[in-house]
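Below, chain A partners chain B and then partners chain C, in two separate complexes.
So, the complex of A and B:
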């Protein structure tokens, strides 16, 4: 009287599907998307990074692409440029975001809204358009706005983005690109810090005030420590963004003059899509991946705290 | 400006439940609980000191727009005068008219609009479906799938560029608008946000609909989606702006001059018309203004989206 095993199995499948089918159907399109456009390419790219592409197709070259990059002065300069760019922009962005949010926070709602909007506005437009203006401001000619400002102080004219001569550990062109980034308001950071500040209990500040703490003491001993978790988050997203800088470099300098402002992602784009060297471009991308992952972990460890309030 | 503060305005819809995991645990969502946080007493002197910093910073941040407009309105010859023209007294629209005459700007705008709209619709539908499954359904593998999707954020897009490009080329979508759209049709941010929001919705309406004989799709589409309007709006706007501003991938896929998006087209203007800065600035205006208008219209959704998970950097 027992049903045959196949019928029983069919019944189980049926019951499984009745219970779980809708869930699977609802996630299926997204899963398919992530599989096809992220996870498959990830593995594929890893394989590509061990191959060399020539006119006759690809050949396996083992670790040659990676070893070649480690000895390649162009890659080394791109890596150094990226690190210098990232260290300075992230440090300034995090600091500026924290200070601006702290200054905005006590204002009346109307003013707060105004400043948050004003600071966020440049962030809604493509970096391409803003970078185009910065390229125009920082051009080497005497009619460039930056040089005009310098001339008011009797200085200049400087070459800015077209001057590859060494300056302060890097070169003038790279510092000019960094300057343009630093003068861009870290809008996302301001919004995130603002949200975090709204969560700090008012009593802490009041208690500090009764003990005679001034504005700086309150900032230093209450705001900064309590914002540590959000600082970690902001620092990580900005570090990733800075390491992946592309639009700004593409528009302002095209990596030049020479390789003065070449960065990793710009190099990946050039290697892969200007020169069609898929293997080396993939190896470059994986090195970038490794560095970003390492830095994220290190930052997480360094800034991790168990502050609760 | 008739903008509302998303963090304090009680009129704004309920937001996703607190404790958004992408944000550190210790940062509570600033719910609209009376004590708006602005209650801190500030002497007029302190306020003045704050404004003495905030106002100049705002001016610096917005200055590129001023300079963009000024240069675009300055006659070609005057743009390279020493000293530079700080106010466009002899303003002219010549740069804009010659831009429209010499570059297919309207076509670029149309391409951008088409791509951004398609990606936005894709995100709203696919992200909501996945978010719904993760919020409401129970099925083996759910936790794994969610971890994989959120974990994919760790992967820099640059690692996948080359295989993606080969894939798109093999599909015959190279130099095709679909080649830009397809690899962006779903995203983590939207899935995450929709899941958060849907988890905070009460389940009674869904159960009632099921009792009334609604099928799974009807429950999702007729009940859950309308209730999720605020989150859908945030996902939609963020997706639209992100797609409109995207640069690297469209630059790789598109090469036909008539198929470019605005950022790619405007970036190429500087190579094509390298000596005509006014025309370049006019291009930048055409590219930037639509997003500025969108921002002024939907400001609270932007700031809300950033707060929930600033994945767009």
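So, the complex of A and C:
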């Protein structure tokens, strides 16, 4: 006699539970935490982006917050600053991380471990502290470190982070902030590339050497292509980090002089926490999310590969 | 940070992050019949939650010690009251936490706040005005222009405590080294400009001022010329007047002449004071709060009102420290909070707690210079203090002013262009 549909369904549920139940139980606390503290605020924030926020009740304004931002010159300036900052820092960070990891890789194990640890230091150092040090280095006063060094050669002083004069498509202050970022070792990238380099079969290099390939040829034709999956990952995480730049700007320039170093996240902070305009701040955050998501997809399409080794 | 006990209550505010709000649990009130006058407060027995910006429990800072002493003195006079002080960070995040908690009804019974944030609370209707609790003695004692400084739409929203006007600090040693005589309170804008240039030398800049947000220090030079940010009824932007442009031009000229530090447009407030202490800045703008730090560093200094410009008298700007009481259902508890607010802003607390006033008080009965002689110069400025406009969007207006001033000072715009640009951003706010 065939079992009824309800009995069959109960059997399927039981089998599913027997097979997957413990797994779901293990991840449940994490999922709950993620849901309550990430998804709920995100969803609420998305709704807020269509409202004029008020502590005693918000008003639905449709797309006004988004449309207002598109016509806001301060937001436009912040967006341009953020894009310039991100393009240059991500490109340099990826390159520097790859080159440093490649230089470390052939070293004896102890030395390699030492350099990996040393280069990872910026990742475990307070970002605020690093920014404070750079603020001192790039201080526009004669007693700023960079200006002091320049004075030894009879040059300077330069305005650095306090100079909003136009320079190379942006302004001196923004380029100074970019300089401070690219000269801070991209710690995570170095470690990731180091791990990836260890996975490249040595035979490939030996075969290339047999064919007479030099160091540059090996780097260009073996290392770079085989690191492509990691490059994709590093580029995406650095793009996200660059677009979210805040602490460095907050500490070094406060977004100034004028709006010279304003970035989108700095503007989000200012709009939300200084003005209490949580609706507009949410709209800014979701525009930023849209930009980052689009760029990440483009990066994925451009850099994805089927490399296996 | 909470003295005695803390309970954390979550207040989630959605943006891209959640804010945790700290709320102190109070013992259930044993309130008597509801009432709003001073008499009703005497019937309240129980806890009063007091949120204090920058308070650290256990007397960790000088101001925390003062707060603890005031609590002890007040509790001794009012048996049955248990005052729980909670510190919140004195920054935007701390203030956002305060806003959130008050709006959610989980806020304190009383809190200290600068007067420029009162309109925001007033617009939300979350504060209990002091009008019903002001006695005839209070009205006669509080300086009228200072009581006006807490008025919003016909109501007085908070107990005015003190006024830290912006003064000009002169480093006596640098004047001595440069063999330049110290000016007196009759100095003019031209005198000031000349002095700043005369005092500029190797590693010394004549003048430094903070030009960042949430401050009005650099505006003293514009107000001295007779400028104001808005007109009297706050309906029109007026900082781009001839007086405003003339005042800003003083800053522009000083920067261009090298009499101000090259990082003037990005210098932090604390760095201005540190530069003064280090002997790098001959003159600086600061409130009366700097006196303690300068004395601790054994700096010899002179305090003057801002130089006299076309306004014809030494005009300065300032904010006001106040104590505000949020609305709550328990009228007796609210009345008790108002009574505490009156005490914390009175001459009585000054008698109980030595050094309570770190800035000139708002009442005629308070003479801070009796205990801190350096404060005399600030007390003399009180009659000519101009407050920033009490409007709900002041934080936005403030944030539009400073970047444009920075652009003018750094030579990217003329003084007129910069102040006009502020107007383009501010005017739409006034029309709302």
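By definition in this document, the second predicted complex is superposed on the first by the 276 of 309 C-alpha atoms of A that agree within 3 Å, B and C clash if a C-alpha of one lies under 4 Å from a C-alpha of the other, contacts with A are read in each partner's own complex, and residues count from 1 in each chain.
Note that in this section a residue touches a chain if its C-beta (ideal position, glycine included) is under 8 Å from a C-beta of that chain, and two chains touch if they have at least 3 such contacts.
Since we're looking at a predicted model, the values are computed, not measured.
When both complexes are superposed on chain A, chain B and chain C clash. In the superposition on chain A, contact is made by A:117 with chain B only, not with chain C. By the touch criterion defined above, A:207 reaches neither chain B nor chain C. By the touch criterion defined above, A:165 reaches chain C but does not reach chain B.
Of the two partner chains, neither chain B nor chain C is touched by A:10.
When the two structures are aligned on the shared chain, A:274 is found in touch with chain C, with no touch to chain B. Legend: residue contacts after superposition of the two complexes on their common chain; A:31 is shown touching chain B, with no touch to chain C.
Number of chain A residues touched is higher for B, counting chain B against chain C. Of the two partner chains placed by superposition, only chain B is touched by A:198; chain C is not. Of the two partner chains, chain B is the only one touched by A:133; chain C is not.
Shared-chain residue A:257: touches chain C; no touch with chain B.
Remark: of the candidate stretches 40-48, 166-174 or 238-246 in chain B, the one overlapping chain C after superposition on chain A is 166-174. Residues 37, 40-42, 44-45, 48, 141-144, 268-269, 272-273, 278, 281-282, 285 of chain A are contacted both by chain B in one complex and by chain C in the other. The touching residues of chain A, counted against chain C in their complex, run 37, 40-45, 47-48, 54-56, 139-144, 157, 159, 161-165, 173, 252-259, 268-270, 272-276, 278, 281-282, 285. Across the interface of their complex, chain A is touched by residues 12-18, 92-93, 95-96, 99-100, 102-104, 120, 124-126, 203, 212-214, 261-268, 280, 395-396, 399, 402-404, 406-407, 409-412 of chain C.
Within the complex formed with chain B, the chain A residues making contact are 19-20, 22-27, 29-31, 33-34, 36-42, 44-45, 48, 96, 99-100, 103-109, 112-122, 124-130, 132-137, 141-145, 148, 151, 183-185, 187-188, 191-192, 194-199, 202, 205, 215, 226, 229-230, 232-233, 237-238, 240-241, 244, 246-247, 250-251, 265, 268-269, 272-273, 278, 281-282, 285-286, 288-289, 292-293, 296, 307-309. The touching residues of chain B, when paired with chain A in their complex, are 1, 3-5, 7-8, 23-30, 35-40, 42, 46-47, 50, 53-54, 57-58, 60-62, 64-65, 67-68, 71, 79-84, 126-127, 129-130, 132-134, 137-140, 142, 145, 148-149, 152, 154-167, 182-183, 185-186, 191, 216, 220, 241, 244-248, 251-252, 262-263, 266-267, 270, 277, 280-281, 283-284, 287-288, 291-292, 294-296, 299, 302-303, 306-307, 310, 312-313.
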